[in-house]
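Consider the two complexes below, in which chain A is the common component and chain B and chain C are the respective partners.
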Partner chain A sequence: MKDKALPVLAVLGIIVVIWYLAAVWMNSTWVYDQAGRAGTAPGFSEVVRATMALERPLLPAPHQVAAALWDGITGEAITSKRSLVYHGWVTMEATLAGFALGIVLGVTLAIGIVYFRVMEATVMPWAVISQTIPIVALAPMIVVLSNTLSLGEALGLENRLVSKTIISAYLSFFPVLVGMVKGLRSPDAMQLDQLATWNANGWQSFLYLRLPSSMPYFFASLKVAIAAALVGAIVGELPTGAVEGLGARMLVASQFGQPLLMWASLFAAAIVAGMLILHVGALQRGADRMMGVRP
Partner chain B sequence: MTVLWLAILFWGVAWGANIWIAGRVKAGPLRWVPPVLFGIAVLVLWEGAVRALGVPEVILPAPSVVAATVAGNLGLLWSDFVQTIVKGALSGYVMGCGAALVVAVLVDRSQLLSRGLLPVGNFVAALPIVGVAPIMVTWFGFGWQSKAAVVFAMVFFPVLVNAVAGLAASDRMHRDLMRTYGAGYGPTLFKLRLPAAMPFIFNGLKIATTLAVIGAIVAEFFGSPTRGMGFRISTAVGSLALPMVWAQIFVAALAGTTFYGFVALVERRVTFWHPSQRVRG
Partner chain C sequence: MKDTLNAGRAVIEAKGLNLTFETGDGPVHALKDVNLTIGRGEFVSFIGPSGCGKTTLLRCIAALEHPTGGTLLVNGMSPDEARMKRAYGYVFQAAGLYPWRTIAGNIKLPLEIMGFDKAEQDRRVERVLDLVELTGFGKKFPWQLSGGMQQRASIARALAFDADILLMDEPFGALDEIVRDRLNEELLKLWAATGKTIGFVTHSIPEAVYLSTKIVVMSPRPGRITDVIESPLPKERPLDIRDSRAFIEIAHRVRDGLRAGHGDEV
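Let's turn to the complex of A and B:
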């Protein structure tokens, strides 16, 4: 444990030090300007102190961001529109919905590709191409479309949630597809022959051999997919007119010049990402244990 | 309605042809026929459905309308392309990947840093870095510089993580052999470890191409001069000029695919020795 944590802490420490130095350097121009206007000549230590406590710094110091984040999380009731927990939840909802849709889509396509040669020949190249198309170019249009068609109302959901879900699903289906195709193909000829010897039909060889052996690949791709789904949800919030969600919070903060709020939202998004990845990791370990993997 | 039935008929014929081809052709240039045929069939079905069902243009324009928009606005699309892809995405991509490679080589000299950087970098690479877009726009202004900065931040960590992993990937035996030859740090780096790291580095570079295009477009949603693909898309959506939006999507798709294809081509040239690149005989 100790020899694992030490290098990570060293890297984190270096990042924080660089951040502080950058904060002093970037904010000092403003401090000197202010001092010049007031006709004072502050000493170096005063400047350093001043750069860490600006209300609208170019680059807020780490402890300022931490304070703003703490304030956003605990300062308000979690149902308040000023609370980062509320906005984080809105984003997470769309992320999870898109993630689920992406998994269903990815797994279905993967099964089709593994079992039908024609699917592999036609769909696989387009799945690869679909990922080189910047989805964000489509995002505003998906938002407008799901509003005009009232897709959400038909399903009894909010239109905004539907558009964000589609974008998240688009980004997250691909890693699942690639992982599952690899995983479903991972049993070798000997194992497949063994099942044939036992007179297993196609369904049984899928259920007892291909599916279990694809699980490690499946979970590895889930980690990539959940991160992609979160990016999709945040990007999907940008063109909706910035109503709610962490992406909207960032947009509002940038338009109204509140760098502290902007950074706090950014870190809230990072925390959400971390939590989601940890949960997927825990899910993986649980599944491993169920399937009898010994560490 | 005849149009729709004809389109569906075409789809069926194309699908049948694909099954026939896919069952027989495993390699050679003919293997590109099924995906191309599939793409054409989708376009035909789309065109037929839009015409036959009278789908309004503000919901889904027909491919022919989009094609006409592309042909009629080549100058505008070109200037948006230059602003977003060439100035924003490409310059940020080159700087970000270059910086990541340099940092990877520097970090690699220290055991402590390279071991610590992998978990941290892996975590950061999974974060929604697009979120720095508003920050970069306040720092570097509305011009292409802020877009390049966002792209820089987005591509840096994936490339760094892959490069650090790649530099550690050379065989113990090969390194020992280099030492036997009396090779110092420099020659070992350039003649053994960097070439051995190339498959990893290119993996990062390929992921970064998609991220670069996404970053450059998203950053424009936060403020841009009056040209650029992200700017055009958001204003065109606002005025419900959907053919223009689709024209931009077409250009973005073309640019993204070409970019990715180019890097993949370079990879094939550089890492021709790697098992994944060998032509299956």
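Let's turn to the complex of A and C:
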């Protein structure tokens, strides 16, 4: 753990230093402007101090973002619409729903593609094409469509959650699909011959050989898919009328000129991403142990 | 005794066997007019340069390839029927153990597929682990075993379901000479203890002579049998039998056979 933490902390330190320098440099124009209008000539140390305490800075200093983040997390009841925990939960909910749907979709399609030649020719090209369409262009259409069709009501869920889940799944099914197709095809001719000598049927060769062989590919794809699912959920929150979720918070903050809130939401999203990836990693280690992988 | 009653009866019978693969460069004659009879309890080695069809012949017996001409009977049935009746266990060049299963789990794999009940599976795993001298290694994972031990585990797996034929395709080809010698000795012991009929593909002349009661010498393009040698060596074979006159004479004859098959080529 220690030898892993050190490089990460070193890079973090460098980023913070660069960030402070950039904050001083980018915000100083505004400080000099103000000083010029007031007819004063501030010294260098005064300018530096001023650049780090602006209410609407071009680039907030790290400690300002940290304070805003801390305030957003602990300053409000977690049920409050001003709490980042609340909005983070809303985003995470959609992310996990989209991730789950993406896994089901990706795995199902991969099995179809591996076992049916027709599906390889029909599904695979469209799956690739689907990922070339910019999601920001597609998201509003999905939102409008699922609202119009009242998909959520039909399922007993909020329309907003349903459209975000669809967008999130749209992004996250693809890495799972590609990983699983590769994984299910990873057994070599010898291994398949071996099963043939035991008269194994198709279901048995799937269950005993293809599925376990695909697991390393599956977990590698999950790490990409969970990140894609989070991006999908946040993008899905932008056109929903910016009511709730971290994406909505970012949109509100940028529209109403609150850079501190924007940065705090951004970091909240990063924390959510970190937690999700840690959990996927733990899941993988658990599966590795169960499958006797060499430690 | 059942064994003496069945002794010598043909287990594998090939008559005028032909196999042609259609490739982009035209047909490839993998097997041409192969005639061979293997009796019960024999240890038969197939030896020849690559491309001579020795592996293809073994795969035909296992119904992994299908001849395009001639007849092939295994236990008096077609190879496909014989496979359905679990006539043979097949050992590949690579051990092919599943890394996510323990050694015992790997040996149980064919038993699970064939539907043996749990208690019977455990009994059989213990028995075949004893046979290949891996007692106590059942709970280990494949990566915890050496290459030679992994190959022994794969032999155990092929023995687990009581097939009376054991087909081995260069099983020790990837192992070093010292391990190979030991495994050869053990294989002879195993053969004596179980009375199986063994078909064994190899590149190595000493290995073929040391192990076999019958050596089938093959040559390529088209793949065919050039000589069948009945070994006069006794069934009991210590490693130093390889220095005996009889051994060296057979090895000579095998080498001559291989050279003759190559004569028109070089």
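Convention: the second predicted complex is superposed on the first by the 288 of 295 C-alpha atoms of A that agree within 3 Å, B and C clash if a C-alpha of one lies under 4 Å from a C-alpha of the other, contacts with A are read in each partner's own complex, and residues count from 1 in each chain.
Simple rule for what comes next: a contact is a pair of C-beta atoms (placed from the backbone, for glycine too) under 8 Å apart; a residue touches a chain by one contact, two chains touch by 3 or more.
It should be emphasised that the depicted structure is a prediction, and the values quoted were computed from it without experimental measurement.
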**Prompt:** Are chain B and chain C a fit on chain A, or do they clash, once the structures share the same frame?
**Reply:** fit
**Fill in**
The chain contacting more residues of chain A, comparing chain B with chain C, is B
**Partner chain(s) touched by A:L6 [first = chain B, second = chain C, both, neither]** = first
**Request:** For the superposed three-chain arrangement, provide the angle chain B-chain A-chain C between C-alpha centres, rounded in steps of 10 degrees.
**Result:** 80
**Asked** What is the contact status of A:M291 with respect to chain B (first) and chain C (second): first, second, both, or neither?
**Response** second
**Prompt:** Which holds for A:L161: it touches chain B only (first), chain C only (second), both, or neither?
**Reply:** neither
**Request:** Return first, second, both or neither, reflecting whether A:A169 touches chain B, chain C, both chains, or no partner chain.
**Result:** neither
**Prompt:** Taking the superposed arrangement, what is the smallest distance in Å from a C-alpha atom of chain B to one of chain C?
**Reply:** 10
**Request:** Would you tell me the residues on chain A in contact with chain B in one complex that are also in contact with chain C in the other?
**Result:** none
**Complete:** Residue positions on chain B within touch of chain A in the complex are 15, 18-19, 21-23, 31, 34-35, 37-39, 58-60, 111-117, 119-120, 123, 126-128, 130-132, 134-135, 137-139, 209-210, 213-214, 217-218, 221-222, 229-230, 233-234, 237, 240, 242, 245-246, 248-249, 252-253, 256-257, 259-260
**Fill in**
Residue set of chain A touching chain C in the complex reads 190-191, 193-200, 204, 208-209, 212, 215, 291-294
**Prompt:** If you look only at chain C, which of its residues touch chain A in the complex?
**Reply:** 62, 64, 83-84, 86, 88-90, 92-94, 96, 98-102, 109-110, 112-114, 141, 143, 161
**Of all residues in chain A, those that touch chain B in their complex** = 6-12, 14-15, 58, 117-118, 120-126, 129, 131-138, 140-141, 143-145, 148-149, 223-224, 227, 230-231, 234-235, 238-239, 246-247, 250-251, 253-254, 257, 259, 262-263, 265-266, 269-270, 273-274, 277
